[in-house]
């Protein structure tokens, strides 16, 4: 059983209303598969989670766990040969709490879907260098986003772009607007990325590893900015990261993913202080900590993440799991067990499946 | 190098395509004569008896128009009082038509020159063995051989209408030939025994060539493709100034003598030439300068250095048919530029040329025959008169490797090499069986032929005899692979054979010969070379054996260099000896081989022999020694390989079934293209 | 930026000077000279040149002088725009090349436009619809196009156009227009003759370009900025054209360097086979004939074109790729 | 017991401009860096991207030629300045200095089998007997805890962690004295990262290795190093024992760096110090202290005079004018 001290913190302080409210975005049983010659990679395999208005949902996991593909699936911009094979992505309509539209039901590449991209749900992601084209100025690329979703003039769009740049803390926005992405430092680029994402006032911001490529001090700046903007605009954020530190600092709710499955969900404090799933527990133990004593060894998870083609049978974590039950975990996939409305774990150790 | 690769590919592709040809085209060999492809040597008949000459003249309709318009004098005033009268081969022809031909650019100037070769003073009959009049009406030689008198045609005119007289000869001799700025040194043709001769005007229509020594060969020279006898078209183009006459009335304006050097130089500058000499070379070149007065049947109206070289009828041409119609019948010759000879072959097969023999490749014969009907042409095979298209010239002055030199200069060694060649295999493979295997000696049809036995002597495959000879001279030891070894160091004796891809695929042929020589234990190292490299090496005496044609040797005295090393320009049998000979012993090296010395003696003695018959006998003697000594090894000759595959439109009339293709015949001119016509 | 351009310009001029020396040396490298080549050529075709003729020819062409004298004389003329006279063509080199240069440029340009016009859309399609049926079709065709040497194709097409249609093969003009001065009718005649050689010339290039475009674009399509653009809600076609295609085209700017000499020479082998009056065969002939000034000038021209091409390609790269523009200094 | 002494190391890259490509300035990538590494210890070199830490490691490995300074390497009691040696002179030292790279994917030749990859340095250094070599490779695989049968596989068959183990085995092949590890775990997943960190610690204990550990992740550094050197814009700003540096930082930059690290505990309510502006340009550093434009404690002195690296005792060196008076927060302070 987990060694982390069990602390009773039923509710996250900012998340009091989670169970009652309708989620702004609800992902249900999402499946995104890549059919390759070598076999099918189930990058996302039946993942469900909810994003509530004004909150930050952290999706955390190691490489290959499907967190980025989940994010792209929401916008339906998964690269071929990836294909969404099933599930629902329910987006609550603005000003309408009852009816949600299922994004997966919208026509492929149709105008309805495009109207949602960028306008309703915006994306900021890793590698701010590569996320911009080097052939156009940042102004051009921000204005493009504005002009796509509103019938404004070029001049108005430009003014708005400058305003946005100022808002995200880019110094000299009037000058910077005509610069190219490669002329900016990594931190500034990520700010510009953020400005571009915010161009059309989206309700949801998906930030996919927004600070991974940045230095710590810059990361701190960007995370601060993200928090500020969220507060100012009441944004709902999906923060995708592998950095447990970032999740701990930023998220209200957390989804832990492993090999395409959500193994555990819950409020951030519970995930860190009362992890249920053996993977979450092991992961937390293996993080090097700045507070550790020098030259202390870390607890490790045996083995390595399986190759996507060699996905283990049963529970995907069972070969590395210290608590694996032979004949069960390696045979059957564990169901998701809801401990509470906002707390779930996918493991045979819980509930009455065993 | 790249080009030869390309041509190889093209050729093999065409050969590949020719596999579709019906079987009848595959084996023309045995029944060659019966195939109808090889006819008899024939051409128009010259009517030399003035009594039989026509009294009135006809002319081409377009000229008649000009006469009517007053732009041209009437035909009777244009044709000389003593014209050359020819009875066309079959019938009197009709005027008109354009003769379409292909050429390869300015480097292919001979393509057009040869159509105009009747501008020589004397010429050959269609068999290529008898001298007949051409520009000159007649000739006489003094008994001592020192004076040759040439009688011109009364009333003969240049193509611009100006009279053609003895002054044009004197002008050439004094103002051009004797001008050191234009001609650097006197030519042997004009200087028998090293003493320069001169040209003297006797009267308007009589010229004498006078020499201090007897020059019995001079008449032959005037008829041959020589510097003196070649005619204006060929000998006064491409920066050279030979021939025997020149249009004084036109060219004098470009000479300092008739104004001043400053004046002509100024004009040269104004016209974009470096100096007056360069201007003169351009102005006297009929293929570039359309204004130049000429004597040929056609004159250039669009110069050679354009995509189409156009020749149009000379309105003052001095020959008429037996009915009195001024020749030529054909209005125009259009030579279209092809970037490559493969294209010429393909276009000829496509029926795009009316008569083309130049650049047509023997290897394409099957395809050519297959498309006769469709292309609307007929194929004639004109067999050459020289002995060997592919000749192995063995360098007698080689000295870079003493051991190799020792063998190259050994007669039995050379005989063995010759007997080690399977000429039938070569003939079947590369000549489609059409050629005749044999030595270097010319065809028995030629008066200088030493006889059939010399076509065959040492020139039949006889491995046993060859091995016996090689053993006999001491090359008895062999290495593990059966090759004979050198006597100096015991290593394998390797003989280098350098070959160029030119007239025939010589490198491949040399490889085949090398294979054949395995049986006599001789290792041949074939070196394929670019043409200029090969000739430069031979000039530097670096080659051991050079593969080349012996074309032109059918008349030994007119073009001896492929038979005897006398001209350093091409002396594959011994460059050092040629230098020695040409410099009268001042340079080079004298041969020690008594047989070689005897050949030189015989060759020199010929110019002192008064009777043609005696000179022919001397030539036969020379050939006997040449064949006996095998300084050059003949393989296959008397073939149509060198421009002897003639594709002629079925629309053309008066076409000879076989034409003389020897060098002195100036193919196709000796069959007088001016008598051909479009039916 | 100006300093950069100036520096490149100075380098270009120096390179050209070096090229002129190299061009001359290359032309002089093979043994013998124009007269040797001339004699060998005539001898092989049954005519002859005597010692005397050879001597006067050498004097006429100045071949009896030392090489450096010949070079200096040539260069002093080249510098004032006179490239000397072709020994074989007996016309000023500029004139000999000039006639063919325009035809070559017209031909090469049409081949080029054809290449780009076909290859770019197909390349883009193949990349965007990777592994679709049509992609496989295009891929197979372009591999065949790459594998078959285009002169072979030219030969086959020529053979069949003769066998099937009895068509006059090769050339850029009908015989009646060969002689005619330039006129609308002649231009039309040229236009009628252009497609076959242009298609053949374009073919291998097209196949190659399809492959390059496809590979470049596949690379670009995987880059995050494409996802960014999609996430903005841009229509797919606009995403592809504005971003990855623009980036995939970038490497083509550098091909301009090779383009320029190609514009001048055309394809030598194809021109030979199809008997096109372009500069390529002229160069080949001039080299074989050792027509010094003609060959030298063409080699020089090709060198200069390469230098200019490189220079222009640098400028174009600078213009299309802001990174280069801003990171130059 | 000093194994490596870096003294006054400088590496300047010239900036050329204009028609004649004149040198108009220098990027001072490494500007007067001095430190020592004792035998058997781990010195971590930390700093943000562009601070010069990788350039320092390359100058030590002599992949780059230092512009000035000494790289004294002590072997069998004999000290040699590697900075002055040429290619031939360096050769005997190469085997004693080995490197472990960040990216285990690109640093291994994909066409060589693991056995050959690890055996290659042995072969180059004269172990020509294949059987002997195989024996050593086996030992090495054992040391890095990989199954021996992996010898005959190609690197692509392995996960990132396994590849990094192969890279480590390769570096260990010649029994080096010093291993320069350049971000050895930053490309790895968390769960695997822990394994490699532990392995590096174990190896050091077993084999008495000395590490120069170049990294940007302070959490990792905390786990592996005995001492830490912090770089900022080409200069060392602070060196101290790990304990001292993390818990009692003396340089405002170190303090900011430490505070910026996200703590994996939602309850740890750290006050993050958000540095203003961007890192200074190494081609054109500000006068005085390079950090002053971003420093909350900067005074006129800081703007005018460049501080020297001062030893505060206990080997704790700081480059700050106000080091003695500032009261800075370390990581321990909040727990």
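The letters A, B, C and D name the chains in turn, as written, and every chain counts its residues from 1.
Here is the rule we go by: a contact is a pair of C-beta atoms (placed from the backbone, for glycine too) under 8 Å apart; a residue touches a chain by one contact, two chains touch by 3 or more.
Note that this is a predicted model, so its numbers are computed, not measured.
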Legend entry - Selected pair, greater C-beta contact count between A-C and B-C: B-C
Inset, instruction - Just grab the chain with the largest centre-to-centre distance to chain B, centres being mean Cα coordinates. - result: A
Inset, instruction - Give the identifier of the chain nearest to the protein's overall CA centre, each chain being represented by its own CA mean. - result: C
Legend entry - chain B and chain D, separation of their C-alpha mean positions in angstrom: 85
Legend entry - Whole-Å gap separating chain A and chain C, where each centre is the average of the chain's CA atoms: 54
Inset, instruction - Report the inter-chain centroid distance for chain B and chain C in whole angstrom, where each centroid is the mean of the CA atoms. - result: 39
Inset, instruction - Among the residues of chain D, pick out those that touch two or more other chains and give their numbers. - result: none
Inset, instruction - Would you mind listing the residues of chain A that make contact with two or more other chains? - result: none
Legend entry - For chain B, residues contacting two or more additional chains: none
Legend entry - chain B contact footprint on chain C (complex, rising order): 30-32, 36-57, 59-61, 85-86, 88-92, 96, 99, 151-152, 155-156, 158-159, 162, 166-171, 173, 175, 178-179, 268-269, 271-277, 281, 284-285, 288-290
Legend entry - Complex contacts: residues of chain D adjacent to chain A: 42, 48-49, 159-162, 189-195, 197-198, 201, 216-220, 222-226, 241-243, 246, 256-268, 272-275, 278-279, 331-332, 335
Legend entry - chain C partner contacts - residues on chain A that touch it in the complex: 72, 75, 77, 79-81, 109, 114-119, 122-123, 125-127, 130-137, 144-145, 148-149, 180, 182-183, 193, 196
Legend entry - chain C contact footprint on chain B (complex, rising order): 2-3, 6, 9-10, 13, 17, 100, 105-107, 110, 182-185, 187, 225, 227, 234, 238-242, 272, 274, 277-278, 281-282, 285, 288, 302, 305-308, 310, 334, 336-340, 342-343, 346-347, 349-352, 358, 374, 500, 502-503, 530-537, 548-549, 551-552, 559, 561, 567-570, 582, 642-643, 661, 663, 667
Inset, instruction - Note which residues of chain C are touching chain A in the complex, please. - result: 130-131, 221-225, 227-236, 242-243, 246-247, 250, 320-323, 326-327
